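Just so it is clear, A, B, C and D label the chains in written order, and each chain counts residues from 1 on its own.
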């Protein structure tokens, strides 16, 4: 993990040029919270291929990459659309057998990321009696040392080539602040070789210092920051805007088959004009309403 | 399905039934998409368990309360929480520590005779008929907490199967002492609460047993909707429905915007009766 | 670790009745910051014996217990009086060979506490080429599995019977807030069987909720809270009062030999009247000056 | 001891010498009781390394700056920091991660010919002649950072010994390739800065070598005060003393209350010259 000497603020394509086909890509956030969607749409636009995903519990971020054909294999801790049902493209790809799924659980990803962050070869976790080691034998192996009164597993270190995160604001130096929880984001950043954060706002250094406790990803862990207002849409950016329930429902509907989802991607990810065109398509009033909390009374 | 459910929604009843079983001073964890769990914990705190401690698994907020049922991971909970912990430190007690939590409350795609839980897939893992969301903390919470609750908003043969297709949360495994024989700590499922009744696990065999059936639910109806043989007590009690005070507290102090009623009505057949 | 059903606020002697002779006692804080001195003085007053200390990097807290003859053996990560020199009673006891010293370092205590918090039998740390494994072979053993390109050690889990911490304020439910850093305190609490926190202030539940980010020790980890204003004196309580340089210098001077230190303890720990008498002895103006930042201009 | 040190204190000179060697964008860690280290890092940020990143090891504050040298662990640093990290998460990169930090700056009771560090004891560990404070993060920072600096406010045969009595921070161990042979990552001490001079380590043997001597310091004086044979270059450069701009920046933007001058004057023999 090297640091750069210039400002870490770069445009989206410059940031994403670090992502090569076949890389292992971690994704931060939690279900609909803080998904780095502008970065995800950027990867779709660039035609990324054969990625190996390691998403934190997520929703539309891993689902869109899978539906866009960018992914060879994904780890799955939890990929869900919650009250909107199952993740549609992930589900279709997993059920058809076209997607490799490395089944994981909380202890597996936590132990693996921590081992990765610590440059240890493996992490030790309790064997919880599940079927995960059966379907993911390379991810969970019986620990060579059994002691302490309960069965133990070893999980190999996880070190993503790239991690994609979304925060609410950052300064030029690359200190990324979160108005809500940090979830696995910092642990992912610590384990990663290269960290790209999108943020909704660029703020002066003094704003960051005003409440240093909000800085969940200090600049030492950040290689590139992309300023993309509404960059977590259609998910929420905690404290700034709500998740877009109508758009998410439309996304699920558009995901009914590949042709329909390709049409969605053509309009929402692969269109000319990138994120500016995307925001235009979503519309000023829709975005304004989300900023107001999701519903204007 | 229950015959006389007028006056409260399924979600409200499940929250009340769960809250009743919680004791003061206990520690609990609530995951994402857990409106009923949030309401149950906060109802218990309002009533008989003022020192119940619960934490949002992903978000780290402890005991957030403002009379509105919000998603447990929601940032707005920070303003009404007692603490906000960071997940990388929480993993130590979520994913590793034995008996840190007194209980968790978990839903599932499938559960079985011994209370094992599946949220991963229906069918073979390599080519599933239905691909579910995955495991996240379920493995650890089923494996490590002192007990857990199975909370199901549907009760049918798709959800109550002889053996789950994928064990992602260990209940009593193969029954009997198989859970502790495997090396898991004492624990496992204590109750399953469903639209039809409340179920527990017979102490020796650890097989699922009827504890009470909701008003109007027949033994035949439960059997028709359960994919394995339930143990049946000599006399089957009726579930004590939520009383006036419980509903008043739930609606006045816990779920003032009616999230449970809106999101968890009784299953379709009973909607007319409920409204 | 069990929780109690009543208020966790108890008086000092009730809290300390959980400490039995021979127990392993962890101490939080960091050098002169947040040392739980009222609890330490209470242990001296009660005549605790044969304790095995596991102090975070500390100063007067472990030093006083050692000088008072309460300690059979101490782990030492770092015990220092910083600009005031070496820890005088620790130094004397270590040099005379009357005190067992388990030499530890940051990785050793961090790996051991984390293993303790996780109910794992041991933690894996890098072998850093020091002499620590030679003098503390039970604390550092060559790892049975060597892989990943660097030599590894195993450190056994650390699970203190009791941990003593100091925060600035708490509510009745036992949520302990820190105005400064948390150091190893929460990790110690997670690893411990029983946690006692002293705080300077008891505040309403609403005050705690007003800034939940300050709660470093949530109530689930706390068994007893003792409200002791100036309970970190002569160390500092971050955000409330500065360390008492004059008193610390007097402490060092009084520690020149055992007789002199016994006289100090007779006046400052074993005296009748406990903490109230202690505060009287320090004096209203001295405490007021510390509250003003250490010097009234 | 230096002859012409009038105009700046020892602490100021050490801070300037250390700051000069730092590069922009590097990552560093500062421990407790580290006034000179804090000043050096902040001086580098003010001058040529605006993106130097440093963190208070115990307190977790990153890049705190307000023109006052405070203890690195001090809570007042939170108000002027860019981030406040929690130690239980920081341990991952402090105690385990290889080459996360570009450098650390460490003092010692003793150092030796190969730059090993001792802060534990003088004499036998079981019955030491002098019991020091202990190791804390020194083992990890010496072992895992890309390089480290040895910063000594005294230079005598008690501090510069042939072999440290206790290795708590690995320098070049026995010299040559012994450090990497042991399995430690590339690294080790880069410079030692003292009241007498600046010292580096000869690339092949890894033995300590004179890099420059401060104004007025003789080779004989250094040899008299060093307990092992220093490598001596053919011509011994003079240390470039702090210049006007460095001192101005240090006193105007980094250490406005004069902490370094007050706490780290030149050793007694030179006090008259300095003042």
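Here is the rule we go by: a residue touches a chain if its C-beta (ideal position, glycine included) is under 8 Å from a C-beta of that chain, and two chains touch if they have at least 3 such contacts.
Just so it is clear, the structure is predicted and the values come from calculations on it, not from any experiment.
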{"item": "Pair with more cross-chain C-beta pairs in contact, given B-D and A-D", "value": "A-D"}
{"item": "Distance from chain C to chain B - Cα centre to Cα centre, in angstrom", "value": "40"}
{"item": "Computed distance of Cα centres, chain D from chain B, in Å", "value": "57"}
{"item": "Multi-chain contact sites of chain C, meaning residues that touch two or more partners", "value": "114, 119-120, 126, 150, 186-187, 213"}
{"item": "Numbers and ranges of chain B residues touching at least 2 other chains", "value": "61, 78, 84, 86, 88-89, 96, 98"}
{"item": "Chain contact topology (line, ring, star, complete or other)", "value": "complete"}
{"item": "Chain A contact footprint on chain B (complex, rising order)", "value": "32-33, 56, 58-61, 73-75, 78, 84, 86-88, 91, 94-96, 98, 120-121, 125-140, 142-144, 166-170, 173, 179, 182-185, 263"}
{"item": "Residues of chain A defined as touching chain B within the complex", "value": "30-31, 33, 57, 76-80, 82-83, 86-87, 90-91, 94-97, 101, 103-107, 110-111, 114, 125-132, 135, 149-151, 179-184, 186-187, 238-239"}
{"item": "Chain C contact footprint on chain A (complex, rising order)", "value": "119-122, 124, 126, 144-145, 147-148, 150, 152, 157, 213"}
{"item": "Chain B to chain C touching residues, read off their complex", "value": "24-27, 51, 53, 55, 61-62, 78-85, 89, 92-93, 96-98, 100"}
{"item": "Of all residues in chain D, those that touch chain B in their complex", "value": "86, 88-89"}
